[in-house]
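What follows is a set of structures for review.
Note that subunit A is present in both complexes that follow, paired respectively with subunit B and with subunit C.
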Partner chain A sequence: MNQTSRPLYWLGLGLIGTIIAAYVLFPIFWLVLASFKTTGELASLPLTFWPKAPTIEAYTALFDANSQSSQLLRWPTLISNSFIVAVSSTILVLIFGTLAGYAFSRLHFPGRDLILGGLLISRMFQGAALLLPTYRLMNALNLQDSLIGLILLYSAFGLPFATWIIASSLREIPFELEESAIMDGASRLQSMVRIVLPLATPALITAAMWHFVGAWSEFAFASILMESADHKTVTIGLASFVELFTIEFNRVGAAATLVALPIMVVFFFGQRYFTRGLLAGAVKG
Partner chain B sequence: MGSVALREIRKSYGAVEVLHGIDLDVADGEFVVLVGPSGCGKSTLLRSLAGLETISGGEISIDGASIVHLPPKSRDIAMVFQNYALYPHMNVAENMGFALKMAKVSKPEIDAKVRKAAEILSLTPLLERYPKQLSGGQRQRVAMGRAIVRDPKVFLFDEPLSNLDAALRVQMRAEIKELHQRLGTTIVYVTHDQIEAMTMADKIVVMKDGHVEQIGAPLELYDCPANRFVAGFIGSPAMNFIPARVQNGQALLADGTALAPAPAGLAEGLAFVAGVRPEHLMVTEQGAAATVTLVEPTGAEIQFVVDLAGTSVLVSTRDRVNLRHGDRVSLAVEPGRLHAFDTETGQRLG
Partner chain C sequence: MNRRSDAWLAYFMIFPVVAAVLAFVLGPTWDVATLSLTQFVMGQERGFGTLANFRALWADPIFPTVVRNTVIWILGGTLFCVVTGLAVGTFLAIDSKMTTALRALILLPWVLPDVVTAMAWKWMLHGQVGVIGDAFTRTGLTEKPISFLGDPNLVMWMLVVVLVWRKMPLVALILCAAIRSVPAEQIEASRMDGANARQRFRHVILPNIAFSLTAVTVISMIWITAEFTLPWVMTGGGPANASQIMSTYIYQQSFTFFNWGVGSAMSVVNLGFLICVVGLYLYVNRRSWAAGGSK
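Entry: the complex of A and B
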């Protein structure tokens, strides 16, 4: 490509990117703006884009113990449950994914590559196909309607992909670094913790982000397994909320924004690691 | 510092034996180079000494004490790896102090030892830098510094210069040799580059297919190679090999011309392989007739290839000879510089 056409090329790419981003983000942006409007403004015509008098009334109503919505759905409990489930399963996935990824990348055992490939195949099953067997299994294990059950379930679902990402990343780290650490007096575990894992940080962050977002926003399994109000998660709460408060769109917007907030925070801080982690093993360094 | 003894070292991967009973003694403070082509087992032998490979048989001892059953960290050995193996997330000081940290040495002592090693290697201004901010030569020095701070009994180097460009390799070669002379350390050094071996070693171990072909001082190997493999491997450019037989005390070529007096002790009529180094062939008035096929002036010397009784032979001379393709020359061998090898076994005959 010649020098004169290069700016035009980038301008064209930027324009296409902006259009796609606007198309994807507009509904979310609209939802967030709606959460700062009053019910009256939302119902009036013509529709306004920016809130005339921005208010956080919809947000306070979510947490107002006396409000109708709070009596039906306890948002602090929903958020707390989702947080416990997402964080706990992320920690479990990281611990076991790291150990498994290390084993797949460093140890030689029969069927290693076959098993690693098999882990990805497990990702190809549609979640809906697993709903019934999972329900029966959790029932049999007495883990239905239990946060621990949901943590274990999400960990089991998240572990294959996390293991894959971490193993791919660890394979790129020269084994000589570990041997050097061993010569320097480190044990195998010390060399893994002090040398290998710090170098695999992008992959660990990617695996953690991927799993946290998936666990935080999971709906299907949570909806069939979690029955009592004390154990429901934010996604179930949001679904019920949409049914209950369709006419109060500002509250729906506030609830949806609140649910999406942790995901946005996670991506804001971890995005620079995300592509690096996903591309681990894709190109020879 | 320490002396190393390897006795009957064997190493197998499944049914395949890659080291076939290696014996080697390294004296205290000696610089020993293991040299040989790829796959000859030199790195495996070094890694076995380090404890990174488990040997299948034999005995390894340092200062008379067996270390076979000791893990790498307990062998009091430091190793410099081919790609330096610097920890990318640690700066130079942290890299150099890591082994001491693992040994739970106090921080002030670590700092002092790191500073001392940094001074020896001119690394003091670079202590806060990370490996990616260093040049190839600086990384190499940090890798050596990491070994020095531990003050081990034996230093191992696994092809440490192979990632450097030619000029830097020459410089680092000199630095490593100087370091050895300064610290008096026992060093076992692996390379496939025979020039590196010749220039650095007190003693060279030439290996091939998991066997030791010859052990000796560099010039010993150059002057008196034990077999055709060593003769061809040591020396650059490589030795010429020409089919010959003994007649009337002369080494006669295939066309019946006499190349030089045959080495003493060879039976009359014996067919052998004559070995002559390119630098030991001279253009003379009278000698074996040859036809020039290629001329390559390098500046310091002129190398030219000739057809000598049907064999392609390289000649290297410092004389300013004016030769062209197709010229006829007469060649003679410097007295006492003709080597004889068995046609079957390749062993030295004289």
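Entry: the complex of A and C
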């Protein structure tokens, strides 16, 4: 341990750490700062770091019913749509993920490991290749441009991972706990609800957070399915700002900050659950 | 307990999940495969059993550009994510209060919605008032700001830079966890034998994390192949298709040009590539999957 006592070593450590922190934080910081500047300040060189005259004008403009861009996209509607979709699909994922997770970890049945493996692998195919057939499927089911359709789609996409997180946590709860409850006359359902679920709460929180963040952030599938202004989500709203990019970047920055806000809140309050889920299962796809 | 009734109960409990995946992943995969073999005339489906869509895809003048860009995107992106991820992960594995805090902070780019990341970087890379171009001119590196996303020769590499910011943290954390689980006795023994830091990394740490390194490389390839939002929102495939990759091409053909034939053909190419990478992933991971997915 001779080298760790050298002051130069700690200086180097601090320097590299600062560079990494700056690299991670700067783009986010710069975006948030832009949302408090005026359009004039953003478009003139030399660039300023701190806003000369901080203003929340960009935020009020987003919610101003009379301004031109808010007539096309009503941010209160976008925000409530995104919340409805993310929260509803999280609830569905928790209910059905817990049921399946219990079966995969507690019950014996032919094909168990094969089915669980198949579910996990299916996640790896949820990409651009499924955009066109999903659009066709939703049209055939008459679920295009419907929040219910989006909720079902996101739930289907999120279920395999939630099931896996919940199953692997239930596996660690001693079976004897449950057995003794059943011996005492509890039914399988009672033992599941009273004994197993309370112990699995951290896994349920992890699964819920992962799903909420994914559903809130999703753009590709929402953008092809949601056509009417009443049904669009925040990510579609933000992406549609591409057109007025340079002229009103403070408004883009304000919208981006609003879109990131719920995610940041979830992240800061549930950081340890997040890392837990990550190291447990991210490598599973 | 009754084994047979257990099995029925289990099938009942997993039914919703299995049905959802069959309906929304496996079904659509089948649909796009049959669609790619369907003849389209004026946007109408006319008969099944033709390779015309694949021929049209092959004949598209921008197809070679798309292939070239996709290679830069997937191979370049994976390589840079893993190399920088290994460097950062090694640093984060050091025991100190600061690295513990950084391990939490570094996930931030990873949780941020893609659309937000795309907007933030697009603004920083802006040709006139972008902060990166401004920093270059101020330090005298360039005479006037570079149009990072407007230059056909640069744009793909700029997308890779943003991709690394977005995906590298997860690679770093996974490798950091792998390095921290290297047995302490082995490191101590190599120290006693007089190995320096570089030798320790090469001969003790690297062999121990070889498995994680391979797995994370393959999984990064899968993530990067699936990534669509970042390039689409940042450039839309432009300028003049200079940053068109497989995923943005699928979107553009299917939903901007409504050319479902070529769109589905490219989707099938994408799926074929994914199947190869997933096969590689399963092969690399055969040990842990054989254990019933319990690890």
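Quick note on the criterion: the second predicted complex is superposed on the first by the 250 of 285 C-alpha atoms of A that agree within 3 Å, B and C clash if a C-alpha of one lies under 4 Å from a C-alpha of the other, contacts with A are read in each partner's own complex, and residues count from 1 in each chain.
Everything below uses one rule, namely that a contact is a pair of C-beta atoms (placed from the backbone, for glycine too) under 8 Å apart; a residue touches a chain by one contact, two chains touch by 3 or more.
Not measured: the values here are computed from a predicted model.
Steric overlap between subunit B and subunit C is absent once the structures are superposed on subunit A; the two fit side by side. Taking subunit B and subunit C in turn and counting the residues of subunit A each one touches, the greater count comes from C. When the two complexes are overlaid on their common chain A, residue A:198 makes contact with subunit B while staying clear of subunit C.
With both structures placed on the common chain, the touch criterion links A:243 to neither subunit B nor subunit C. In the superposition on chain A, A:45 makes contact with subunit C only, not with subunit B. In the superposition on chain A, A:190 contacts subunit B only, with no contact to subunit C. Vertex at subunit A: the C-alpha centres of subunit B and subunit C lie 100° apart in angle, rounded to steps of 10.
Once you line the two complexes up on chain A, you'll see the smallest CA to CA distance from subunit B to subunit C is 5 Å.
On subunit B, the positions that touch subunit A within their shared complex are 50, 52, 71-73, 77-79, 81-83, 85, 87-89, 98-99, 102-103, 146, 150. The residues of subunit A lying in touch with subunit C in their complex are 3, 13-14, 16-17, 20-21, 23-25, 27-28, 30-31, 34, 42-47, 96-97, 99-100, 102-104, 107-110, 112-113, 115-122, 124-137, 152-153, 155-157, 159-160, 163-164, 168, 171, 188, 213, 216-217, 219-220, 224, 235, 238-239, 241-242, 245-246, 249, 252-253, 256, 259-260, 263, 266-267, 271, 274-275, 278-279, 282-285. Contact residues of subunit C toward subunit A in the complex are 3, 6-7, 9-11, 13-14, 16-18, 20-21, 23-29, 31-32, 35, 88, 91, 94, 96, 98-99, 102-109, 111-124, 126, 128-129, 131, 134, 138, 165, 169-170, 173-174, 177, 197, 212, 215-216, 219, 222, 225-229, 232-233, 236, 246-248, 250-251, 254-255, 260, 263-264, 267-268, 270-271, 274, 278, 281-282, 289, 292-294. On the side of subunit A, the complex with subunit B involves touching residues 174, 176-177, 179-186, 190, 195, 198-199.
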